[in-house]
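Below you'll find the structures, each written out as structure tokens.
First chain A sits with chain B, and in the next complex the same chain sits with chain C.
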Partner chain A sequence: MKRVYPDKEYCIGCHLCELACITAHSKSKDVIIAYREERGQTGLSPCKRVFEKGDTCVAVSCRHCDDPSCVAACISGALHKDPETGRTVYEREKCVGCWSCLMACPYGAIRRHPMENKIVKCDLCEGREGGPACVAACPNQALKFEERD
Partner chain B sequence: MKYVIIGNGIASIGAIEGIRKVDTESPILVIGSEDAPAYGRPLISYLLAGKITPDRLSLRPLEFYEKSRVGLKLGTTVASIDTSAKSVTTDKGEVIGYENLLIATGGIPFTPPIPGADGPDVYNFTNLAHAQTLIAKAGEIKRAVVIGGGLIGLKAGESLFDRGVDVTILELSPRILSLAFDENAATLAGARLDEVGLNVRCGVSAKEIQRDKEGALKGVHLTDGDFLQCDVVVIAIGVVPNYTLAKDAGIAVDRGIQVDDHMRASADGVYAAGDVAQARDLLFGEDRVIPIWTNAYNQGFCAGKNMAGKDVPFTGSLSMNSISFYGLPTISVGTVNPPEGDKSYEIAASLDAKKKSYRKLVFHNDRLVGYVLVGDIEMAGMYTAFVKFQMAVPEEAKKQILAGAPDVLMWPDDFFKETWNPGVVEQD
Partner chain C sequence: MLFQPINKNYHEFCIDRDKDLCINCQVCVRQCSYEAHFWDEARQKVMHDNSKCIGCHRCEALCPTAALNIRKKPSDFRTNSLWRPVFLQNIYKQADTGGVLLAGMGSPVDIPVYWDRMLLDASQVTNPSIDPLREPMELKTFLGAKPKRVEIVTGKDGKPSLKTKLTPQIELNYPMMFAAMSFGAINFNLHRAMARAATETGIVYNTGEGGLHKSLYKYGRNTIVQVASGRFGVHLDYLKAGAGIEIKVGQGAKPGIGGHLPGAKINAKVSETRMVPLGSDAISPAPHHDIYSIEDLLQLIYALKEASEYKVPVSVKIAAVHNVSAIASGIARAGADIIAIDGMRGGTGAAPAMIRDNVGIPIELALAQVDQRLRDEGIRNNVSIVASGGIRCSGDVIKAIALGADAVYLGTATLIAVGCTLCGRCYTGKCPWGIATNDTKLSKRQNPDIAAKKLANLIRAWGHEIEEMLGGMGLNSIESLRGNRDKLRGVGLSDTELDILGIKHAGR
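Let's turn to the complex of A and B:
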């Protein structure tokens, strides 16, 4: 399957992927409204985390692992592996906000939703034409959306 | 039958998914005592609390069993296993042959002998039927006593409280959550429960359950001489491996069913997984029963792959718990209470009681082997990585971890690349 691969040699730590992520997952699909209003009003947050250490940066998000720890940990069945697409799918309605997945995922790919007992996790911009928004937004090709198995 | 699975809990689901990763064809039969398709056992407290409706309990979509070609015999209990004939006999007298058998019978509630416990209105809290009974009762009762201040006891107490019942929780040891958490975390959690209005009493237990002449429940006599009036008692001290079936069949058991590094039990073609199994611990390599959800799934998954003919060693169980108390999240992973006085461990703890925030990190030599977080849990996964992958923590990295900011850039370079950006040839 196609996954998002971050390259720390190219990442410049600009956080544009985060902006693209919240815009893609916003109601308005408008970067300004998403950032200025929806973030505060609905708790809209990015699925990416950008880490920095000196000159080195990297932007990571859910790896859609083959044998995902989050699925093993999920007590409600909200997280499961789609056998057809290979994606690790999150069903928001089923989630009870127990944070087991957040604890179990060793890739730091799960966040708490700031306002609800729900999680925030990359869905590879499901349904978005042109694939993941973060990849499209990266100005230095530090994120690649590729098949590499 | 190529695959037979006894038990229909999460270990069973793991096994089905493991088998189907390798063998998409051969039939699987699951035999389960409970009458429902696999449900989130921890969700019974959410159900009792009224936070979710019964339609949210099931773990997998309805079509899961059909799509995975799994035959289900629910409401059916396996009465015996014949390891030489390779067959199981159900309580309905049916004999079913197996090539590969998984015993995933989970745990049963541990119930110490308490005088007066036999009779109406004394319950356990480990399955859906228990939750349904307590839901039906909750409307007509005023007071409940929960015996046991571990995870299940606290969850039972909290849920009954949410139903409007006045709850007292009794814990024999000096503090609640003594198994998975440490004193500071337990104090914060206890304070939160107290704030909300639950009564938690540590260092005492039930001496006797008092009944009237007709046998109706009156209350509980405590070991410190007090008497608590109540309408129901919930015994929630913990679970013990449900291994009698295996033991009677001559399969080797210790604290749980003994399994090797491929989840194989001592009889040919027989495997065990979940709360019933005693499997290898990731950190220190000894065999232990760690009755938690993630392990049950992982062990089932590993057993399933091996049952289907793949050679997959079990990476080991890791103890981990995440529970919230009225909005106060707590997480504990790995070894959090190292043996006292053992100089090879180093503990770094920071507590802010006002902010209800706590972080404890336990190092063994140059590795992180466990941690506790209360309040701010956002970076939990990044700590888990260090414990789970057993990465060495150099001095500089340690400072960063101690500052509460572990990240992926601290990983060894090779491991980082292999994980995040594999298959890329570096240019010089």
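Let's turn to the complex of A and C:
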């Protein structure tokens, strides 16, 4: 399946992917409204995060693992692996906010929702024309959406 | 700080932040390597210090809401056509520091740009123009000494073969090359990008004086290796690695001056490639200490030819100075296969501002004079001429070729293609575009995949335009334009200028 692969060699740590992410997942789809208003009002937050250490930075989001630990850990059935698309799908309504998945994820790619007892996780911008918004926004092609073995 | 030094406010740029658009996301803060943007804890918002802005436009380019505009500072000194602001600012700066003024990139001074004063011809009625999309158009260029005549013998089978032994040539698909910009002055990512783009488009790039990194030897057929006064990274394998060797005598931006790569730019890779200790300054002397005459140059040329077993042509690069044509004649007679002439608008990573802005002559005049002198002396065939120093578009390329160049070097244009905005602070090592820096965090901003593509695009785009212009003149080969000054006319030039350029005035 196609996944978002970060390239730490060329990630420049600008955090534009995070901005693209919250815009894509906002109600308004407008970066200014999303960042300024929706973030504070609804707790809108990016599914991906740029980690930095020294000169190295890398944007981490859900890897949509073949054998996801989060799915195994989920007590409410809110996370499952879609056999068709290969995506690790999150069903918000089912989530009880136990954070088991957070503990289980080896990449630290799942985050707590800042306001609700829910999680925030990459959905690969499902349904978005042109694929994941973060990949489109990366100014240095340090995020690639592609099929790899 | 309540008290500020008196000249802190004489800065060049102002950062305009549109409050309606700025979302305080701090992208600008992270991008600015000069710390002009910063996060203000007390105010909980992004603020900026105009005096630190160098006008590189990096923040503007990456701002996700287009909230930033970098403008020239509107407040100016009292108008004075003699004491222009730059002189005042320089004096303030030097009064503070007591140092030499450093400058980066080509000279911004207002000297005539002769490219803009020359116009090309086109076919009308009496001779047909050619459509390059429908008919073959030849841009292929060979650099190196050409025989005066060729002898052909007919074999027993009746087939002709060439008897004349040809000297080695550099084959180019386009009459353009990426100019010498050393690894160290610019970073490894860009060297890799130039090597890849040159290979893809069938041209060559020049290593500059910083040697060639081992991993780039595979692009050797598309590389000219340079030997400069510091002899950095020069060894036998290096000399044999390229398609040509260039002796750098001078550089258009700083004729008569050597180079100084600060120790801060010498990281492990640069140190290994240049063969200098980590973190030590790499100083190129002003002269080659083994060249004090044309005879000495001849010795070096032949030493390099011996070392490379006469398999590649040897080029000599000089800055365009007053007696350039006589010097070029000497270089041709010393056995060089290529003469590269760099005009005074040529770029640099660092040069004393006074040298850059006051020394040398424009490439157009130098090129026309060298071509004419070599023709007059009957030795034009012995060498190819490469022109460089301020070639901005394919129009400039084609005019250079009509003036007598075999090919051109593109330096500044190459950097602009990968994002350079000519902010001219290359010597600080803090290039926000990740070009003139070896800082690991900044140099990442040049992804060689993107850069190589942009460079190849530039060469192809200019190639298309050159084909169009050639076709318009009724020519189907760049060879037919070379030194064909009848295809040029001058506008608004004096008789002396026209005479030096060897062209007629428009209307004649």
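Definition applied: the second predicted complex is superposed on the first by the 149 of 149 C-alpha atoms of A that agree within 3 Å, B and C clash if a C-alpha of one lies under 4 Å from a C-alpha of the other, contacts with A are read in each partner's own complex, and residues count from 1 in each chain.
The rule is short, and it goes like this: a contact is a pair of C-beta atoms (placed from the backbone, for glycine too) under 8 Å apart; a residue touches a chain by one contact, two chains touch by 3 or more.
Computed from a predicted model, the values in this text were never measured in an experiment.
In the superposition on chain A, contact is made by A:D55 with chain C only, not with chain B. Once chain A of one complex is fitted onto chain A of the other, the partner contacts of A:Y35 are limited to chain C, with no touch recorded for chain B.
Once chain A of one complex is fitted onto chain A of the other, the partner contacts of A:L102 are limited to chain B, with no touch recorded for chain C. Looking at the superposed arrangement, the partner reaching more residues of chain A, out of chain B and chain C, is B. In the overlay built on the shared chain, the residue A:R111 is in contact with chain B alone; chain C does not reach it.
Of the two partner chains placed by the overlay, only chain B lies in contact with A:I75; chain C stays clear of it. Taken in their complex, chain C has these residues touching chain A: 21, 23, 25-27, 30-31, 62, 64-65, 434, 440-441, 444-445, 447, 449-450. Touching chain C in their complex are the following residues of chain A: 9-16, 19-20, 31-32, 35-36, 55, 137, 139-142. By the touch rule above, chain A contacts chain B in their complex via residues 5-8, 51-53, 56, 58, 60, 63, 67, 69, 71-73, 75-77, 80-81, 83, 93-94, 96-100, 102-112, 148.
Interface of chain B with chain A (complex): residues 14, 17, 20, 40-43, 46, 51-52, 56, 58-60, 293-294, 297-298, 301, 320, 322-324, 329, 331, 333, 377-382, 384-385, 388-389, 407-410, 416, 419-424.
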